[in-house]
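Listed next: structures, encoded as structure tokens.
Look at the two complexes coming up: subunit A is in both, with subunit B in one and subunit C in the other.
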Partner chain A sequence: MAHHDDDLLPTPGQRVGTFLKRKDVSQTFVLGAFFTAVFVVLGLWVYPHWMPNVMSKEMQGNEDIMIWFTVISAPIAGVVLAIAMESFINMHRGDTPPPEDGPGIKTHGPVVIIWSAVTTLFCILAIVWGITEMNTWSADALAGSNKALVVEVTGSQWNWSFNYPAQGISSHELNLPINQPVEFRVVSADVNHSFWPVQLGVKVDANRLATTVARTTPDKLGVFDVKCAELCGINHAYMETVGHVESVADFNSWVSQAKATGGTQQ
Partner chain B sequence: MGTGAVVGVLFAAITYYMLRRHFGSPWRVNHRMDMTNPHFVNVTLLCTMFAWSFGFLVGIGALIGPFRWLIGKDLTAEEQLYLAGDGQGLKRYFKYCTDHKVVGIQYLVGVMTLLGVGGTMAMMIRTNLVTPGSHFVNSTIYNSLVGLHGITMIIALIIVSTGPFGNYIMPIMIGAADMAFPRLNALSWWVLFTAIPVLCSAWFLGGIPTGWTAYAPLSVQAGPGMNAFIATIIIFALSTAVAGANITTTVVAMRAKGMKWNRVPIFVIGATISVALAIPAFPTFMVAMIQTGLDRTISTGFFDANVGGSGWLYANLFWIMGHPEVYVILIPGVAALMEIAPVFVRKPLFSYGAAIAGFAGIAGLSVLVWAHHMYMAGWMPNLNGPFMITTEFISVPTGLLFLVLVGTLWRGKPWMKMPMLSVYAFIWDFLIGGITGIYLSDVPADNYLHGSMFVTAHFHYTLMGAALTGAIGALAFWFPKMTGRMLNDRGSYISFWLVQIGFNVLFLGMFMAGAAGQPRRVADYAFAFAHANLISTIGAYSVGVGMLVLLWAVVHSWRSGVVAPMNPWGSKTLEWTVPYPVPLVNFAEPPVVTSDPYNYGRSSK
Partner chain C sequence: MASTTPAKSKTVVGAVVAVVLGVAVVVGVGTQLHAHSYLNPPTGTATINGTITAPDGKTYPHAFISNGVFAAAADSKAHGNCANCDGGHPSWPSYGPYTKLVLPAHAYVTMTLHVYDGGEKLNSPYYANVVGTVGGKINVDGKDLTSLAEDGVQHTFTIHGLPTETQDPLFINVPLPKTAEGEQDEPGSPLPKGHTVTFSFITGGKGEYVWNCEYPCGDATYQGFGAVMGATGFMSGKVSVL
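After this line comes the complex of A and B, so read on.
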């Protein structure tokens, strides 16, 4: 051969150009955009609709993670599903194997590296997001620690009881004043339970003879559910009660009423 | 099997009556356990169960080898042939048979039975949850259903790929004549077999109230049924240890000439990594169960805070097993699909190295992540950050598994048969399981999601959507080699769509319920969750019907399906070079391997 082989080899730019012009590649891109859009919409729409009222900053943080992690992972999911769908569309049917083999691609270094790098970056983002959120929670808790309302929560088979040591009252109902930091000190009288004031977005297990702590600041008036999130025996499903986030005045009058009736309020 | 059962029952009966004479009868007149002195009852029941297991093994001849060593006369060649079931027809499936192909079929039937039992319990759970306040079963039975469904399915899924295919197919795949330790192979199956009646006995002893996690102190407080759970786990852990040692040794030592490490089929790699991970993982569960048993029998108080113990100790021991265990389940399923994809796409497996890196990375990280199950336990809040880092990093090797599969699909024209459909179902299901796992492993979001139905939906996507789907694909793929017949196409397609659509509806509903705040393992729930649960139950019935169709397809094809050619899929791995029925020593001539098994494809560039 007279000419150099190099003359025939396309430059990287040309290779990318011909790659993008291929029909299967453009189809995959369209499918990828579609699946990405589906996941973005799902993330943005589904969780705010499915999840209950947001009654604290912590709950907002939880919901944001679920929404934005879905949105950020959408392109990765989109690529995977697009390639899968593209090959699915091109399926070979019948009772005999396809007449000829596909291209013998054993591996592709740059693709493996780029893919690993992208998933690693996504993973680091998830970690940084989580740690930042945890730090915010700790900083808020620290800032509010001296003015926090302490509620001692006791789980027993199968009900919750709440003791307010500073107010000198105890109750089976959980009432909290709005915008005041609250510190739940949780303990169990028997087996493991898990204290879950649902709309407040925090949770901690109740253990026998060991106090665990959860902190939050309710910032919306209204009713929230208190549930047990750890299987604790026959009536686990019914180990629930309601809580109220009230105005400070309402809370104070509830406290004085409770005191007047002997320090316990049913 | 007959003698085994007789001797097992005999041993159990003798133990029971001896202990009864000592401690008094554990039964009251009204056929309920007398729990005025639970310790005596627990000792009696545990000893009886272990006596059954040991007696069965004696009776079936599992201890013949050690016994012959004791008297200084090892088995002769003819005796070994007899143990391998040479020329014994169907009878060998019911005896202590050392032929790995017989053990594989035994595992397959055992797994299908366990899946059937566990699936029936799942249907009962979903029926109870169809509407709020349905009271199809009472709370005691419901809690038992949840726990026994859990442990039955966990046991079934741990063995679902490595049991049938790891035993039947894998030795042929690597060109071996049998497993490294054929007698241990038979032992692993029959030890497991003895655990099944023990597990079932939980129903007759009042059930278990704890879920399959068996958290202390609830498990210490629990009634006599808990003993069945404890005994099952201890026996099962022995079985996995024996099987794990056997499979790893076989792969390391018995590969065919020329099968270098970079020529080992990926399913073999996956199954080996899986059992190698199980070997260190299960003993911690076994120890936790021994401690629970001691707490219940002689009041050691390991997990009793009143005398200085801690429930957190149990939770740690449990999850040190519990998280590696989900990858023990997942990896062989994915590996089987990686074995399938190249054959049907007619392309090499994309990046064999990335596949191994993915498995090894997952296995390595999986032993460092257990406390993400305990973010909300209050055990060590300061460790939540470090455990979040290790957990999130699992998404990197997991991403490699996706890359390998979609890379293999890329530019391919897959031959769409049942095994290949499973690859697609896996990609969709595991993607959803994986993404929801990313937010579950982030500590703040876990504040909301921990202990909710969201978690239940997530791990069903990984264990059922990924691992079981992989195993069903593997069944369709290797069915011709294991039974000599093709799996019925129409039956398996109908089943596939019923199961996969039903599955996604079922767990979509469960994600809804969980996101809305429904705790898991509840026998009843508020009206707010009614729609989500109704959707779930409808999906569950579709899965149930689909699984029955699959069962029909398997039974029908096994009995009277189309006779399979030697290599119906045109695969290049060694198991397709042997005829059906596979000869006792598999290969007439020891095979020699000259390339990796994935050299499909036009002029590899």
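After this line comes the complex of A and C, so read on.
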């Protein structure tokens, strides 16, 4: 009885089954599961403690994305690390020469397809999530922009200054009222800087001769850090100041005090 | 099997030793670079003389310190006390004789600056304002001012805020008026007629800060922040509050 050679080839399912029964593969999967669990724990429980306080919806969104992207990428990082670890554990060592005719390494089609498909899906999910989140913030910020407090932010080597045009005051510290939309209009007086009020979840370039706009709504009272996130010269590391999210009454009091002392406030 | 276990152990030990050595080399190089980055800057220490009651009603130790700003680094004496001691840059302006200041903590510090340089326009008009001094003012040749014209500034004395979890903020900006052209400080002096600028501020707790000039007094690179503005020990330095 005649038959084709293809009839003797294992099916893709059989090939995957055989692949998974290999000792090195099963060890890799066990290691991969362990490393994945470690990364998931890092993402869900450790990262939130490491990251700055959340003082706006934008910062909460940033942290959520960081956490979930870590969780999503944990299996990928875990398996890659497991393969590296498995290779390290089973590498040839000692004084004896390596086997001359070891098994050749060849492409395993189903595994390549599964791996490519899963990682592609993870990447697409991350991109779609990020864009959706950013668009949501932009839409919310634009909706509140007509009542936004405008703050003109100027970066100069190596300090920040803030001008409140509607209030007629300027300051070295960034004071903001709680639950009030804020529009930052950011420029540089010299080289490129990056305006980064950390706990507000905003980071935007400060360029000379061009104004960039960023919006947020602080929703938690407290102190936040303002840093430069663009290497800008010898004292870049010292280009920091503080900001305060205050009650509306405290903010108005601060404005009145600044006006009473000539409009320039520390 | 018995022969592979020691080999595995040797490999692991070798990997750990390599990592430890690598970290040690990086830490060592970094520590040495940091230690040699700013050696022995000329240091001025404020002197306490009595106490003073500030506008906030509190009484503080009253500390005094003087310094200067010069158009030519050799005149500043910050780079050695001789005619040719200019830090290798005779055309650069410089603070002097001190570029590192040591101030007492929780004190009312009165600083006097003798300033002898010309100027043009600030990059950022904010630094034409007096910020962070007692009363928000400075005294220039006997006259109290709260700001200067942004094209009338020769340099600024600006201490960065640098608030951290371990030290108090300390932000001060003092614009220094430029000198008039053609007038000499005194007959025979190489210096132009300068200004005496006096101001006071109150320090918080202990901390390490930096100061720099916000006037673009470097070369044309980076909007005037090249050359002297890209170096330490001329128009920038450190402040230790002890």
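Just so it is clear, the second predicted complex is superposed on the first by the 214 of 266 C-alpha atoms of A that agree within 3 Å, B and C clash if a C-alpha of one lies under 4 Å from a C-alpha of the other, contacts with A are read in each partner's own complex, and residues count from 1 in each chain.
The rule we apply is simple: a contact is a pair of C-beta atoms (placed from the backbone, for glycine too) under 8 Å apart; a residue touches a chain by one contact, two chains touch by 3 or more.
Since this is a predicted model, take the numbers as computed values, not measurements.
Q: With the two structures laid over each other on chain A, which partner does A:Val30 touch: subunit B (first), subunit C (second), both, or neither?
A: Neither partner.
Q: A:Ala126 contacts which: subunit B (first), subunit C (second), both, neither?
A: It touches subunit B, and subunit C stays clear.
Q: Check the residue A:Val41 against both partner chains and state whether it touches subunit B (first), subunit C (second), both, or neither.
A: neither
Q: So, A:Val191: does it touch subunit B (first), subunit C (second), both, or neither?
A: In the superposition, A:Val191 contacts both subunit B and subunit C.
Q: Looking at A:Arg208, would you say it contacts subunit B, subunit C, both, or neither? Reply first, second, both or neither.
A: Both partners, subunit B and subunit C.
Q: Looking at the overlay, does A:Ser170 come into contact with subunit B only (first), subunit C only (second), both, or neither?
A: Second partner only, subunit C.
Q: Look at A:Gly233 in the shared chain and tell me whether it touches subunit B only, subunit C only, both, or neither; answer first, second, both or neither.
A: Both partners.
Q: For A:Val16 in the superposed arrangement: first (subunit B), second (subunit C), both or neither?
A: neither
Q: Give one of first, second, both or neither to describe whether A:Ala139 is in contact with subunit B, with subunit C, with both, or with none.
A: A:Ala139 contacts neither subunit B nor subunit C.
Q: Of subunit B and subunit C, which one touches more of subunit A's residues?
A: Comparing touch counts on subunit A for subunit B and subunit C gives B.
Q: Common interface residues of subunit A with subunit B and subunit C?
A: Common interface on subunit A, subunit B vs subunit C: 91, 93-94, 190-191, 208, 233-235, 238.
Q: How about subunit A: which of its residues touch subunit B in the complex?
A: Interface residues on subunit A, with respect to subunit B: 24, 46-47, 50-52, 58-59, 61-63, 65-66, 69-70, 73, 76-77, 79-81, 83-84, 86-88, 90-94, 97-98, 100-108, 111-112, 115-116, 119-120, 122-123, 126-127, 129-131, 133-134, 137, 186, 190-192, 194, 196, 198-199, 201-205, 207-210, 212-213, 225, 227-238.
Q: Flag every residue of subunit B that touches subunit A in the complex, lowest number first.
A: 139-140, 143, 146, 209-211, 213, 215, 217-218, 221, 305-306, 310-312, 345-348, 350-354, 376-378, 384-385, 388-389, 392-393, 395-396, 399-400, 402-403, 406-407, 409-416, 424, 427-428, 431, 435, 438-439, 441-445, 447-452, 511-512, 515-517, 519-526, 528, 569-570, 598-605
Q: Taking the complex as given, what residues does subunit A use to touch subunit C?
A: Residue positions touching the partner: 89, 91, 93-94, 96, 154, 156-159, 161, 163, 170, 172-173, 189-191, 208, 233-235, 238-242, 261-262, 264-266.
Q: Quick check on the complex: what are the subunit C residues that touch subunit A?
A: Interface residues on the subunit C side: 3-4, 7-8, 10-11, 123-124, 126-127, 129-132, 136, 146-147, 158, 160-163, 169, 171, 173, 209-210, 212, 214, 216, 222-225, 229-232, 236.
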